[in-house]
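Next up: the structures, one after another.
After this come two complexes, each holding chain A, first together with chain B and then together with chain C.
And then the complex of A and B:
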């Protein structure tokens, strides 16, 4: 269980995260959506201790993220950020292998190697595992980082817009991958998404953020509505029901 | 792939090292190589008092500087950074001048420690600057470092001029191993320990090169690791500058060339980087002893020429490829 309690964060005069409280129990896929600048990435950074909040607290399985040793947390929580500027020239296999670092402290054993190979195969990069990251396309690099998070095998996996740079084929296979991860016992996937249709299709629960606040939280059937489109995203459109799934159709 | 593998690369480098080390022991002003080889006359003394210390000093300095270079590149996450493009060398020199000024006649260890402390502060200032500046291009980072180094240099020259120390300043300006004698270089052995420490933590430094987010994500104490890395770099730089003077570009050329072949998983590449640095500095010194024999061209000068050419080539090559 991740317990987020009254988190606030301001940059200068703007409050980017405004008293956000959320409880995320074990299991499933949680999608976080919202317009640009809603504070989604900042919230994710605070949960994953990459950034300090001004007030409030985040507990992961009862452990305060600001006080727990990094190694302890790294085995419970992994995070993949939007921009990954890597100065080190590494192969895909090198990169993914470092996902095992919280478990092996840099000394991989046979089990680690198998997990790494499996993670690479999962994202479909096994044919190019020994290529260097600087020889890959943006989408391939993105998938390599997802494989790294996979290899880390944490109970909570956080992804910040992992579908950037991906074509529809890879976006769909990545969401299916998250779905499978979230269906494993004890594993929770928390993913910031841009596309509401994607969120509606794959997430069990959608959290809507707007101007630093949580303005909606529930299953897709409750959250994806016409008023969400007009009130939060400022577009007019219809929400259709196709075989029980919510699908958005925006007016041209 | 036609790229040489690690054992091949390491093998070639080790053989080259042995060859140049032999040359370094035998070649030099005043004595025929055959006298040194057969230990005739003063041959044994020359070997023990001058040639062996000089060769060891060259190997240690080269290895230390190359390793410092790759550590700085991982810490700053920029391929163009090394102690001489990050203000580290210049702040170490400032530190030495301060000891000459404030504690004249202090032992070498004191000078080295003060130089290391000032170098640590200087490099930390550099990191603070580049983390705050909006940097449009990767080349801005070393430019900022070179400018910062220029400022330290100016302060050093000004103080030296005011207090009549310009002559002593020249001594540590450009790396010169002709001054290395038994009893005057032993400090450099500290580099062996520091390189070993870097190798023992190689996995962590590789993760550092993936950025703060990844490092924190896999559970590393980012800040502590950066400081640890800077301490290694500062002490190596200070030890080299105090003993023989500055040797530019070693930390830039060697890691980048090795990276082309092996990548940057330091667990794999660090031994090759260290050996490569040792060979480069050793070879430069041997060449410097031959070209205008019986006089010598200092290593610092040779590396300045070779290094700046290498730097330029590298920048243009990098432009042509994915950066």
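And then the complex of A and C:
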């Protein structure tokens, strides 16, 4: 269970996260959606202790993220941020092997190697596992970083816009991958998404953020509505129901 | 790409180590005329100094580049050795030549070392504060700070008592040819201490190559690690500067050669190769200049020329990307 209690964060004068409180229990896929600049990435960074909040607290399984030793936390929670540039020349296998660091402190055993290979195969990069990251396309690099998060094997996996740079085939297979992760016992996937249709199709629960606040929280059927489109995203459109799924159609 | 990568890294390490040993032997034996007891003692001391300097510069440069997440900046390019010279100058100016001369050079060196850790830590904070740091800006401010420190030193040297200046000159005119023998032991000890501190942290440093945020995400206490490693870098820079003076582009040269030769970012592989290359360059280069070219030119000039060209090449290449 992740308990977020009255988190606030300012950059200069602007309040980017405004008293956000959320409880995310074990299991499933949680999608966070909202317009650009709504504070989604900042909230994710605060949950994963990459950024300090100005006030409020985040507990992961009862552990305060700002006080718990990093290693302890790294085995419970993994995070993948948007930026995917690395200064050093690494192969995919080198990169994904770092995901095992919280478990082996840099001394991989056979089990670690197998998990790394499995994670690479999971994202479909096994044919090029020994290629260097700078020889990959943006989408392939993106999948390599997701494989690293997979190898970390944490109970809570946080992803910030993992579908950037991905074509529809890889976007769909990545969301299916998250779906499978979220269906495993004890595993929770929290993912910031831009495409509302994707969120509606794959998430169990959608959290809507706007101007730093949580303005909606619930299953896709309750959240994806015409008023969400007009009030939060400022577009007019229809929400269709196709075989029980919510699908958005925006007026041209 | 060769499929047997571990072996190729080991191969590079063995070759570089053999070259380093060969140049050390050549340095000790080539052109030896006179009693061996004198030659071994005299050359042995200089060899020890060169090896210590090579070790300190290679280690500090690679560590610094890992901390700052790039391969252009080195402590020397950022003006850290100029800062050490300024410290030496202001200490002599404050104590007076006689006062500074009366203190054991090793004690003085320790004080300078401590001040260096504090001051360079401050400079580091100033330059690398915040998330959105901008590489060209940091390079420029580093060069500017270096010029500032050098100008301040020469200003102090101009207004100080001529007798004090002579004492200072004796201290700071160290070069690859003239090494202060009193400091070799201390510097070597510091290099060993640095190694003891860094060795258990190599795996964490490997993770740091991914960037601060990802390292934090993988459970590395990046703030603590940076503080420790940065203090080590400051001490190593002090040691090498005290022994042979500033070497602007030497670290950059050997570190980047090591990155080229080693196909991974593992510190356990990169560091030994960088150190070995530094020893080959310094000891072998000094041997060539002294014995074959008859002190025709100073090694630091050759190294800074080659290193400076390398620096420009890297800068242009990274600018184009």
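The working rule: the second predicted complex is superposed on the first by the 252 of 252 C-alpha atoms of A that agree within 3 Å, B and C clash if a C-alpha of one lies under 4 Å from a C-alpha of the other, contacts with A are read in each partner's own complex, and residues count from 1 in each chain.
In the analysis below, a contact is a pair of C-beta atoms (placed from the backbone, for glycine too) under 8 Å apart; a residue touches a chain by one contact, two chains touch by 3 or more.
On a predicted model such as this, the values are computed, not experimentally measured, just so you know.
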- Item | chain A as common anchor, with chain B and chain C clashing or fitting | clash
- Query: Where does A:233 make contact in the superposed view: on chain B (first), on chain C (second), on both, or on neither?
  - Reply: neither
- Message: Once chain A of both complexes is superposed, is A:75 in touch with chain B (first), chain C (second), both, or neither?
- Response: both
- Task: Could you give the residue numbers on chain A that contact chain B in one complex and chain C in the other?
- Result: 48-50, 69-75, 78-79, 81, 85-90, 94-95, 98-99, 101-102, 105-107, 152
- Task: Can you check the complex and tell me which residues of chain C touch chain A?
- Result: 1, 3, 5, 69-71, 202-204, 206-207, 209-211, 213-214, 216-221, 259, 263-265
- Item | Residue ranges of chain A touching chain C (in the complex, touch as defined) | 45, 48-50, 69-75, 78-79, 81, 85-90, 94-95, 98-99, 101-102, 105-107, 130-131, 152
- Task: Could you please specify the touching residues of chain B with respect to chain A in the complex?
- Result: 73-74, 76-79, 202-204, 206-207, 209-214, 216-221, 259, 263-265, 267, 321-322
- Item | Complex contact set, residues of chain A against chain B | 48-50, 69-75, 78-81, 84-91, 94-95, 98-99, 101-102, 105-107, 132, 134-135, 152
